[in-house]
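Both of the next two complexes hold subunit A, though its partner changes from subunit B to subunit C.
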Partner chain A sequence: MKAFDYAAPRTESQVVDLLSPQAGHTEIIAGGTDLMGLMRSMVVRPDRVVNIMEVESLRELGPDDQGAIRIGAAVHLDELLSIPYLENYPALGQALRGMNSMQLQAQGTVGGDICVQPRCWFYRSGLSSLVDAQGVIEQGDHRNHAIFGNAGPAKFVSGSRLAPALIALEAEVRLLGPQPDEQRWIPLADLYRIPRLQGQRHTTLEAGQFVTHIRLPAVDLAQGGATSGAYEVRHGEGPDYPLAAAAVKLSFSGSTNGVATISDARVVLGQVAPTPWFSEEARRALIGRVVTPQIAEEAGEAAVLRATPLARNRAKVQHAKVAVKRAVLLAAGLETGGF
Partner chain B sequence: MADIQYTWPSKEKASVLGHSVLRLDGLEKSVGAAKYTYDINLKNQLIAQALGSPYGHCKIKSIDIAPAMKVKGVVHVELLRKAGDELQWNGELIAMVAAESEGAAGEGVAALKVDYEVLPSFTHDENLEEAKKRKLTTKAGGKVELQNEPGDDDDEEEFEAAEIERLFKESVHVVEGYYGVDAIAHCCLEPHGSTVEWDGDKLKAYHSTQNVSGTDEGFATALNITSDDVEVECNFIGGGFGSKFAADYWSVAAARVSKETGRPVKFMLSRDQELKIAGNRPSGYINVRLGADKNGVVQIWDSHHWGTAGTKGRGVSQSVIPYVFRPKNFRRLATGVKTNTVGSRAWRAPNHPQACAMTQTAYDDLAAKMGVSSYDIFLRNLENISSRQTADVYRRELEIAAKLMDWKAKWHPHGKGEAQGSIVEGMGIALHEWGGVANNSSATIRIHPDGGVESFCGTQELGTGTRTACAMVVAETFGLAPTDIKVHIGNSKLPVSGASGGSTTIGAISESHRRASLNALAKLFESVAGKLSAKAEQLEAVGGVIRVQGDPAKSIGWREACGSLGLKPLEASASHKRGDKSSLSSEGVGGVQMAHVAVDRETGVVRMKKYVAVQDMGLVVNPVTAESQIYGAVIMGISYALYEHRLTDPATGAFINSEMADYKLPRIGDIGEIVVELFEPEDQRQRGVIGLGEPPVISPGAAISNAVANALGVRVPVLPLIPERVLDALKAGKA
Partner chain C sequence: MEGVSQSSFTLPSDSNGVIRMRDPANESGNSTGGGSSGTRSSENSSSGFSRRAFLRGSSAAAAAAAMVARPETASAQKANQGAEVVSGFKTITLSVNVQKHQVNVEPRTTLLEVLRYQLDLTGAKPVSQDGSSGASTVLIDGRPVMASTTLAIACEGKQIQTVESFGGAQPDSAPVAFVQHDAQQCGFCTPGFVVAARAFLDKHPHATEEEIRQGLNGNICRCGTYANVIQAVLSATKGG
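Entry: the complex of A and B
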């Protein structure tokens, strides 16, 4: 591990002050479950580490005036698991529980998860950068790499366990910086990008900017609002990274023979592309339909119709398909038929 | 002194042996007070870290250590390789950097400037054709055994080929199959390494080792000193599994750095280095054809297997093919595949788990082909076995396992189970054999005049409860409680005891401690006989007293008896030589295991439901730690059956999943229910103590593969049965 300066500011503006105007020189640490390993293996080598766990406002958790849920970036995953409002966001609860690790849930944070460094064993072992201009990944063992959004030099997969659910649920994030009072809310989906040039990261965060809060729009399931579900295909019980993941939000209107018809759907896949991945094809396969195992299957098939697997990662296509199918079934309160 | 009978008390008479005793060091371990090698930190020590080759095969063009020396806190850089050297595997260490802190050492390693010429590497051991094309194969032996012999005029090879074909023609059932098991890493949770310190010309090495008594020489030879100037200590170890017998070049290098800098040095491998270079188990892949009679008894076996144990090829020994089952007619051939991977090390029951997984799967496919229960096929083929256990014991163990699994009620023909959604279930069997002979071991017992008892032995606590077993044997002999005995092990200056490998420790320490304590007791009896107005040979030590046999009223308390020793403690020693006949220990165990799994056909994910392990081991010293050993072995077996393998990147030759996030191991929720049965009928107990560490880890690969095949109706040929392989097999099975 490289020697670094350590700072533990108390306010959001102090955090911004401590962030370097140059990318890569400063890292924010929250739970540290991922960053510490990357620093020890010298893949991430910051000059300064800023601990945000002592900033009170980043520990905020609860509804605002409009009934939206505000979640501070430094809120621990198990704190989020224990709030009563979670039942209105089944997809988020399912994603959180899917980690199956008390250690990760107790130590990890919401902000840490959505900003987590990508999954790519070439990057994490120092054999390639995130933007693999040399083609190391394409030539190599890329069984866990992207099946969508992989035409460019970035072939890693987004590692966030919560982003698919949060994006399906239309979460927004509050960014602060680079100026101490410069803040804005953006859809969480817009936090991610596929880097194309060396030095670019997997998020759109500028140097000197950081995520302070996540906001989930108000939902009231009891009032017939949208419902949601999330499913991860995991090799073992966890806390390993899933082979593929999907989260679905379904809105209903009217009915076909007394059964609710889907009026809109947000289908977001995880662990399959350099960003959380919207499936417009799956959305279209669901709109105007009533959820049945057959329709769920069709949504899964539609979701992977345009997948572009590399030579050695075809299993991920099947796993993505099953993840979408089972997330749809869970959202509709049906049995998945699998584990 | 009368002749001492070196025997065990009967089951009824034993007050300690055969009764579960919780680990005497359990509390220390569970509260973190136990000092493992990784916990040893000496005053003024330097921390060392090392740079390893990033590629499977490369040449060092140049090394510049100057930037590393400039890093604040770096004290010394030790070159292990030089410019021009060729590095044959990923992770091979190039240089060691010693610094004031872990951070500085890491930064120093990162600052080393090495230019490499990347050379072509080959790591894909399963691909025999490619290995042949690259001329990377070696002959690895073989054997043909046929009941009919060639005539005087016959060409031997031609006769064999014709005879084998004739036997296949005669066979009622013929199975052809491909099976395999990938290389895995030992993955010790405590990596290899040491903290070393010099006192003048004497070296003290706190070394994570399964070979306390035998590692001093390794250090001494490498450092050009003599073993009397080396002290090796290891009181607790976080896993070895056969990979921690040697001083290892990195620990020797740490000793050199320590000498050079005049300061203690701590060096432990990083996690990825631990997986990359500190031990792996050879892979094995096999093409099999077998022919059976109408009852499913195999009459002819014909196989060719290959695999890698590193740059020299080798692989799994042909001598254990087919495994346990040994038809009267067989031909087995082996080919080694040379790969750019570090040489393998002994892994828990060397050769056996792979042999079991490569061959008992074919026997299961015979059952599948015949549409009969694997239980019947395994039972019937017990008429032709090659094992250090008897067919009769296997039959009894099969019966017990079947009851514990409820085999008959749950069984269905392969692929014919009822699916629940996309989930299907299945069951499989495997059986194994092992030696478990008692290793060389010496022990000294000291009885103090105040009643205190100490034992001294240069064995080691491998996490298996050895310290507790030493105390139990002495306590049994003296009629005391295990907690009354102070056990000294884990240091090379203690009486020499063998390495803990080959399941030889429990026999070894049982022999030496029983003999030494019987010797000590005889002396004590001599000393107290007068007080009890009896002859020494009439006395017995039971329940904390020494008394006259048949006249329990004539007794004296242990402490008082020891008082008769006067001012000086009594000491007695004994040694056991490996291979010596003894009624205290013997060798040769069997064991039967059954797996019940569920498979999700849509995702290819396999989950354990239940696992039954029936294991014989002669006389059971400590049931609770024996059970622990078996639980651990089964979990390790589930791991290589379903989760872990070494993945090498075809482009760089790197061991690409060498971090724990990617090197999959099962978690507690992945292991299902494990049922352990210690098989100890009187005829087995009479055989004395036999080692147990290895045998129960042998069967899980085959048993789980067979259960998955039973569930799916198709074989997933190569372990581990990861989801993508299950999906591939299902796809191929449909085609």
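Entry: the complex of A and C
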């Protein structure tokens, strides 16, 4: 590991002060579950590391005045898993339980997961940058790489395991910086981008800017609000990363013959593209329908209709299809378990 | 004992983080080696030569050499309205197994390196080093955390508990259950499993077999002796 300077500030503005305007100079560490490995293998070589775990406001967790749930970036995953409000957001609970390593849940943080570096074994072993200008990934073993959004030089997949669920649930994130009082809320989906140029990262965060909070809009399932579900396709049990993931939020409107029809759907896939991936096709396949295993299957097929797999990752299309189908069934309560 | 032990030698790594081990055989008569600082006479006198004493001696030699080559640059500057920026070595106090230790660390030094190479607590193991094996699991404020992916400097003021604290005259029920059920084979992953099992049982004292399978998912055993591990943990639950 390269030597670096270290600071553990106590306030958000101190964090901003410590961040460098120069990209790649400073890294923020929270749980360290991913960053430490990347720094050890010298893929990430910061000059300064800022530990945000001592900032009290980033440990905030609970409802605000409007009933929205505010989650500080430094909240541990198992802390989030243990709050009672989570039952209104089933997709988030299922995604959290999917990370079924006790240590990962105790040490990892929500902010760390949504900002986590992409999953790409070429990048993580130092063989390629995120933007694969040399075609290393295209010619190599890319069985785990993108099947959507991969026309450009970025072929990696988004690594966040909470982002699909959070985006389906219409989460927003609060960004602070580069000026100490410069804050704004943006939809979580807008945090991610597909890099096209060398040096660009997988998020839209500017140098000197960081994620402080996540906000989930108020939902009351008991009052007939929207329901949700999330499913990860994994190679096996254990702490493996998923091959594909999907999260679905379903809103229902007036029932016909006592059966609720879907008035709106948000279908977000994970681990299949350089960003969490909205499926407009799956959304259209669900609207106006009553959830049945047949409709869930059709939503899965619609979701992968426009997939563009590389030469050696066609299997991933099937994984994505199953993930969407299972997420729809989980959201509708037609299937349980799976995490 | 006033409860504070002083340990001053540091992880023998160069500026790129590569651990530099030296062979003391090639350094005999070399006065810059300083290999005697780390060896302990009690271990050497019994057998004359032991693997652990050899390793400790060689790593201490490299540590001493590394410190000569890279003098202590502890410079903690106050900036940003009180946020301290640490660069180079710093002496911190860690509370490990209810005892306070003063250790000299760099910001990049991991908790696992301090435990193993400075405090001689070799229970937590450097297997995956990126945390994927769970072999370096320790308890920090009662929570299961991987020492390999934790910065030592971030652990000041926290209660660290390693597998060594589970022994003694009245050993913890988790390692006892592991012994009774012959839970592991080569033993390298065992300390991580035992600490994880303890943390799991504290949280789920009445766990079912299925919950144990889920809960211990963060640890990997390459010998594949999971069946006995699960039986051991099951026997340590309140129901078992």
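FYI, the second predicted complex is superposed on the first by the 334 of 339 C-alpha atoms of A that agree within 3 Å, B and C clash if a C-alpha of one lies under 4 Å from a C-alpha of the other, contacts with A are read in each partner's own complex, and residues count from 1 in each chain.
Criterion: contacts are C-beta pairs under 8 Å (C-beta built on N, C-alpha and C of every residue); 3 or more make two chains touch, one makes a residue touch a chain.
Since the model is a prediction, treat every value here as computed from it, not as a measurement.
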| item | value |
| --- | --- |
| Partner chain in contact with A:281 - subunit B first, subunit C second, else both or neither | neither |
| Partner chain in contact with A:139 - subunit B first, subunit C second, else both or neither | first |
| Touching partner for A:335 - first (subunit B), second (subunit C), both, neither | first |
| Subunit B versus subunit C as contact partner of A:48, first or second or both or neither | second |
| Touching partner for A:233 - first (subunit B), second (subunit C), both, neither | first |
| Which of subunit B and subunit C A:9 touches, first, second, both or neither | second |
| Which superposed partner A:206 touches (first subunit B, second subunit C, both, neither) | neither |
| First (subunit B), second (subunit C), both or neither touched by A:60 | neither |
| Which of subunit B and subunit C A:40 touches, first, second, both or neither | both |
| Subunit B and subunit C contact sites that coincide on subunit A, given as residue numbers | 1-3, 37, 40-42, 100, 237-239 |
| Contacting residues of subunit C [partner subunit A, same complex] | 15-17, 79-88, 106-108, 110, 129-132, 134, 137, 143-146, 148-151, 153-154, 196, 199-200, 213-218, 220 |
| Sites on subunit A touched by subunit B in the complex | 1-3, 37, 40-42, 45, 100, 121-122, 124-127, 136, 139-141, 143, 233-241, 243, 314-315, 318-319, 322, 335-339 |
| Subunit B residues touching subunit A - in the complex, by the definition given at the top | 54, 72-73, 102-104, 106-107, 109-110, 270, 272, 420-423, 598, 600, 602-605, 607, 642-643, 647-652, 654, 656-659, 661-662, 664, 666-670, 722-724, 727-728 |
| Subunit A to subunit C touching residues, read off their complex | 1-10, 14, 17-18, 29, 31-33, 36-37, 39-42, 48-49, 51, 53, 76, 78, 100-104, 106-107, 237-239 |
